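Here the structure is laid out as C-alpha cells; the discussion comes afterwards.
Note that the chains are named A, B, C and D in the order they appear, and that numbering of residues resets to 1 at the start of each chain.
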Amino acid sequence: MIKAGIIGATGYAGEELVRLLLAHKETEIVWYGSKSYIDQRFCDVYRNMFKLVPQRCKDDDLKALSKEADVIFTATPQGYLSSVLKEEILSSCKVIDLSADYRIKDVAVYEEWYKIEHKSPQFIKEAVYGLCELNRKQVKTARLIANPGCYTTCSILSIYPLLKEGLIEKDSIIIDAKSGVSGAGRGAKVNNLYCEVNENIKAYGVLTHRHTPEIEEQLSYAAGEPLRLIFTPHLTPMNRGILVTAYASLKAKDGRLPSEEDIRKAYQKYYAEEYFIRILDPGVCPETRWVLGSNFFDVNAKVDTRTGRVVMMGALDNLVKGAAGQAVQNMNLLFGLKETEGLTMIPMFP
Amino acid sequence: MIKAGIIGATGYAGEELVRLLLAHKETEIVWYGSKSYIDQRFCDVYRNMFKLVPQRCKDDDLKALSKEADVIFTATPQGYLSSVLKEEILSSCKVIDLSADYRIKDVAVYEEWYKIEHKSPQFIKEAVYGLCELNRKQVKTARLIANPGCYTTCSILSIYPLLKEGLIEKDSIIIDAKSGVSGAGRGAKVNNLYCEVNENIKAYGVLTHRHTPEIEEQLSYAAGEPLRLIFTPHLTPMNRGILVTAYASLKAKDGRLPSEEDIRKAYQKYYAEEYFIRILDPGVCPETRWVLGSNFFDVNAKVDTRTGRVVMMGALDNLVKGAAGQAVQNMNLLFGLKETEGLTMIPMFP
Amino acid sequence: MIKAGIIGATGYAGEELVRLLLAHKETEIVWYGSKSYIDQRFCDVYRNMFKLVPQRCKDDDLKALSKEADVIFTATPQGYLSSVLKEEILSSCKVIDLSADYRIKDVAVYEEWYKIEHKSPQFIKEAVYGLCELNRKQVKTARLIANPGCYTTCSILSIYPLLKEGLIEKDSIIIDAKSGVSGAGRGAKVNNLYCEVNENIKAYGVLTHRHTPEIEEQLSYAAGEPLRLIFTPHLTPMNRGILVTAYASLKAKDGRLPSEEDIRKAYQKYYAEEYFIRILDPGVCPETRWVLGSNFFDVNAKVDTRTGRVVMMGALDNLVKGAAGQAVQNMNLLFGLKETEGLTMIPMFP
Amino acid sequence: MIKAGIIGATGYAGEELVRLLLAHKETEIVWYGSKSYIDQRFCDVYRNMFKLVPQRCKDDDLKALSKEADVIFTATPQGYLSSVLKEEILSSCKVIDLSADYRIKDVAVYEEWYKIEHKSPQFIKEAVYGLCELNRKQVKTARLIANPGCYTTCSILSIYPLLKEGLIEKDSIIIDAKSGVSGAGRGAKVNNLYCEVNENIKAYGVLTHRHTPEIEEQLSYAAGEPLRLIFTPHLTPMNRGILVTAYASLKAKDGRLPSEEDIRKAYQKYYAEEYFIRILDPGVCPETRWVLGSNFFDVNAKVDTRTGRVVMMGALDNLVKGAAGQAVQNMNLLFGLKETEGLTMIPMFP
C-alpha cells in the first residue's frame, strides 16, 4: 500500500483527492493536513465522509509527513510549497503539487503573474509538468510533479495537437473558458456566495488571469517557439466543470487550409490511445455534464471555411481531470501502477 | 458473471442502473431496452457513456430477454410490467421491478391510487418488497422484487424504528418531502423545463401522491395495525436528492415521553449494523448533498419537549438508494453476493 | 416628497428597499447607511444601481439621520436598533425596523430566543407589529413599526384566518417552511457559498429558529389564547422565495369537521379585499416563482378527509412581502398614501 | 391609450411583453393571442398574472386584430408573420415583429440560414431594423419593425462603435456568447429539461447559428463593407441573461494601435446620451445579474497590448432589451411617447 499524505485536505481539491484515494486500491491516506481545521474530524468538515473517514485533521508539517508517507499531495495556496520544500523531503518521498509553484519554468514569469517571490527556484527545473498525456515518460521518474491547473489542462489538451501539427497560426489563439464555481475554492468570500453567483455569468481576470503564462509556456513547446494568446475565464453558475471554446486561424499547408478531417486526424494522432481523452464523433460538441465526476477529457473541433478558422472545444471536471484526478493519474505513473487505477469512475448524470 | 437486462434503460433510473452495473464486478449488461430509442447507440442518448457503452438500444422483449438474462431490471412506467409478466419469465430469471406494480399488496388500493387496472394480480403476493434493510431475508429467496419508490424508501427508513418501538402515535405522522427534479423522469413536459423548475419550490400531488399508500402499508407493518398519514412531496430546484422531514407525536411510555436518547436507541437497534444507513451525530441534520451519488441513507431526529413531538429527518439520493442503487443491493442479495458489491461509491461533493 | 433614510442599505433587504423606493413616486432616499462600505458608492456595492444611485454610503448615525428624514428604515442585525433608539429619534421621524427588536412583546421571550439583552424595552409596547393586512389601523398612527420577518409573514398569513375562525386545533400546528438563500443575508460565510448551497436542501435551526416565538405570539392573538407550534425552516437552492406548507388538525364544529369550502370562506372573509393577498383557485398550490419580485402573497389549502387535517400553503418573495415590500407598505400607511403605491410590480417570470 | 395586441403571448417573450405592457401607462392589451391555449385564461398559463389578467387567450387572427389594435406584436416562430402579413394589415396598424422574418435584407441569406421560404419578401425593404439606439430616426416613421434578436442586440451594441470608428479589423471578430435558458423558449423538449441544462454548459449551433448573418449584416453597415465573423452561442444554467465576450484585432491608426481610452471614447461617442446603455467604469466587466429584469445594456472593453487585441463585453436581459423591452422601446418611438416610458424597471438583484 502506498502511504499518501494530503496537505490542504479541506479545500475542494483536497477533499476530491480524499474521495479518489479512498476508492483507490493501492493507497492509504495517512495524513489529513488542514491548517484551518486542526484536530477536527475530517468528516465534520465534509459530512459526505461520515463513517468513512474517522481521522482528524493535522497541522501542515511537511517534514514529519515526509517520514511517514510515500507521496505527498499539496493542495495549498500559491507560494506555500515553494516556501517549505527542502531537498530532504524530496529525498524521502514523492511530491505532487496541485498549486502553481513549480509549473512555470521561468521564475520571473511566475513572479510577475503571481506577485509572489519564489522561495525555492532551485527545484523548478527538475519539476515535471504533470500533464500525463503529454509528459508521461518524464512523470514516471520524477520526484516533484507540478500538477497542471484546471483551465490549463482543458486549454492545452484542446489545442496541443493542432499546434504541434502546424495546423493553426500560433499567435491567433483565443481561449474563452467557462468554469464551475468549485474552482474558486472554499474560502468565505462575498463574491462566491450563492446569491452572487447564481443566475449570473461573468468574465473575470480578463487579460490578467494567472493560468495564461502556464498555457502559453506549454503550448509554446508544441509550437516550437514562443507564442502569446488571450485567455478569458468566465464564472458559470454550476458546481463543477470547465468548458473551453478556443479559436484559431487555420494555417495553409500545400496551398490549402486544413479541413475538419485534417484536424480530426491530428487529435487522433496524439490521443487515439488515451483512455481519458475522448475525441467525440464529428459534429458533437463537448458538454461539461458528460464528464462530471470522471477523469475524462472530451474534445472536438469544427472548421469554419467562411472565415478560415477552427473552433476547438474541450470539457473536463475541474476537480478531477483538472486537479485531483490528474494528481492520482500522476501518482499511478510515479509508482508504476496501472495508469487508470482508481480513476475509472463513470461520469454521473444527471 | 451475472447477465443483466434492463428494460427502460434510457430513463434516468435506467441510466443510473447502467452506471452502477458497469462498475459492478460480477455483472454484465446484456440488454439495453428502450422503446423510444431502438437501434440507437446508448451512448448517443447519454453521452457520458461515450466509449464505455458501444451497444445499441433494443425493443422491450421481456420473453426473449428472460432467455438471455439472469436478472431483469424493469425501470418502466406503472402498469407496464404487470401487463407483460408471465410465469415462464419468472421461472427462468429474477425480476427486479423499479415501478410500483407489485409494491402494494392490496390490488384495490393500487388500482384506486394509480387509476390503472392491474393485469397480473396473481404475482403480487409472492413479490417481495425490496427494502433490503427491512426485508433482507425474504429478498434472498424471491423471484420477483418490488423495488421501493424513492420518496418511500426515504420516508419509511426515517420513521420505521420509532413506530416499531412504539415511540410515536401511529396516526400522527406527517411527512413533508422535498425531491430533486430527476425523480420526475426524462419525459419532455413543460412543467419540467429548466425555466419552470429553476428558482422555484412547490408542493405537488398534495394529498393524492401515489407513494402515500405504499408508505402507509409498510409503516403499518411496523405499527402492527393500519395507519393513515399525510405525505406532501415538493419539487426542489436540484438534480438529485430527497429530504424527508417527518413529524409525529411522541407516545408516552411508563408515564413519560420518549427522550431524544430513546429515539436514538431505536434507530441504533435497527440500523447500527447497516452499512448504508448512517445515523448522524446528535444534533446534526441530514442534507442531500452529503449522500449524492452514493447508496447511503442519512437519518437523525430531534425531540421537541415544548410540543411533545419528534422531527425525523432522512436524506438519500433518489436515483441511487431511492432507485438503481437499491435495485443493485437487491440483486446482490438475490445472487448471494456481498451486499455492498458495486455500491461503495463515496458521495461526491460539491 | 417623503425623505427616507436606510440604515443597513447594503444588505439584501436594504438593497431591495433601495430598488423599491427609487421607483416610489412619493419618496426620496436621503441616506444610504452602511457601516461596511462607508464612503463607497452604493452602485459599486450593487452594480445594478450603476447610473441610478450616484450617492456614497454613510455611517450609521441615527440621530443625524432623524433630523433629515421623515422615515428611517433599519435593515440591521438583531440588537442594533434597540441599542441606539431614543425618544428624540421617535419624536422627530417614523421608524420602520426590519429587524426583530420590537416584534416580540414579552422581552423575556425575546432575550431567550435571541440570546441578546434588550437595551430599550420601553419602546416595545408602543411598537406596532407591521403585518399590514392584520394591523392596518394601528400601523397608521404608529411611530415605530416592527416590520415582520419573512418566514413569519408567510406563516401567519397562511394560518391566521383558520385559527381566528376556530377551524383548526390551536396546538396541532406544524409549519414546514422553505426559503431561498437571500434570506441568509450577504455575510461571507462558508455555509452560504454557492457550492455549499447548490444541489442541496437541508433543514436548519430545527426547533430553535428565532421566528418561532414571533409566529406563536401573533397566532395566539388569532386563537385568543397561547399556543405552541413546530416551525422547521429549510434552505432551498434558489435566490428568493418562501414557501410555507403548514399542517393542522381540523376542529369539529356542530359535530362535523370543516370542509375545504369552509376553509376557503375563512380566507375570503379576511383576505377577499386585500390587493396583495391572492387566494388561489381551488386545487391550485402556491409556488414561489409566481410571486417573485412582487409584494403578493399567494395562499391556498387542501383538506384531507382521510386524516382530518388541513394542509395550508403560502408563498411570497422574502425580500419583498417578506421584508422591503412590506416595509414600504407600512410606510404608505404611515404617511396616508395609497397602500399599493410603489408596490404594484408584476411578478417576474421566468 | 394605445391598443396593443400580442400574437404568441404565451411564449416567454410574449409573457414578458404582457408584464411590460401591463405596467405601461399609455397602453392597453386587447388581444392575448396563443394558438396553443385558445380560450384558456392567460393567468392559468402564467400564474404570476393571477388576478392581474382575467382575459382568455384567442386564436391568431392577424386581420381581425389589425382592426382592433393600434400595434401588433408578433412573438411567433420564424416564418409565421411572413406567411400572413398583408398590406391591409400594415395599412391599419403598426407591426412589431419579434421573429427574424424581416431582419435580414437579403432574402437569399434569410432562406439559406433559416431553411424557410420567405412568403412576403415585398415587405422586407420597408421593414426597419428596430435596434433603437442605432436606427432611432427610421423607427419613428416605420410601419413594420423587425425587432432584433437577443444575441444580436448584445453582439452588435458591444462592437458597433469600434467598427464604426475604424478601431478594429473588420474580419477579425469572434463573438463568444452565453445565454440563459429562457432564450430557448417554452417548448417541451428533452434538451431544455431542468436536469439536462442544470450543472452544464455547452456550445450549440456552432458556426451555424441563425443570428450570425443578422449580426454580420448590421455590423457591415458600421464597417461600410461586408464582413464575416464567428459567432458561438453557449447555453448557461440560468433563467435569463446574455453575456457577450467578443474579440477583435486592433487596427493601427497613425502608426499606433488604439488604447483602452480610445476604445472608451468610441463607446462614449455613440452611447453617452443613451439611457439604456451603461458604459461601465474602466476595468469593470459586465455581468448578467446587474441587468436582470431591466432594459439596460452594460458594456465595456479591455485592450491587450500583449496581443494587440481588444476584448469587448456586453450584457443584457434577453427577454427585456433582447426582446420584449426593446419591442416596447420601439413602440414608444413609433407613437411619439417618451422612449423610456414603461421601461425604467431597476434591475432586480439577487
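By definition in this document, a contact is a pair of C-beta atoms (placed from the backbone, for glycine too) under 8 Å apart; a residue touches a chain by one contact, two chains touch by 3 or more.
For clarity, every value in this text was computed on a predicted model and none was experimentally measured.
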Would you mind checking which chain's C-alpha centre is most distant from the centre of chain D? B
Larger contact count among A-C and A-D belongs to A-D
For chain A and chain C, let me know how many angstrom lie between their CA-based centres, rounded off. 46
Starting from the mean Cα coordinates of chain C and chain D, work out the distance between those two points in Å. 37
Could you put a whole-Å number on the gap between the CA centroids of chain A and chain D? 38
Residues of chain D that touch two or more other chains: which are they? 12, 182, 195-196, 198-199, 237-240, 287, 289, 292, 350
Along chain C, where are the residues that touch chain D in the complex? 12, 15, 19, 22-23, 46-52, 182, 199, 239-240, 278, 280, 284, 287, 289-294, 298, 344-350
Can you tell me which positions in chain C touch chain B when the two form their complex? 171, 174, 176, 178, 180, 195-196, 198-204, 206-207, 228-230, 232, 234, 236-241, 243, 245, 247, 285-289, 292, 302, 304, 306-307, 309, 311, 313, 350
In the complex, chain C residues that touch chain A: 12, 181-182, 186, 188-190, 192-199, 237-239
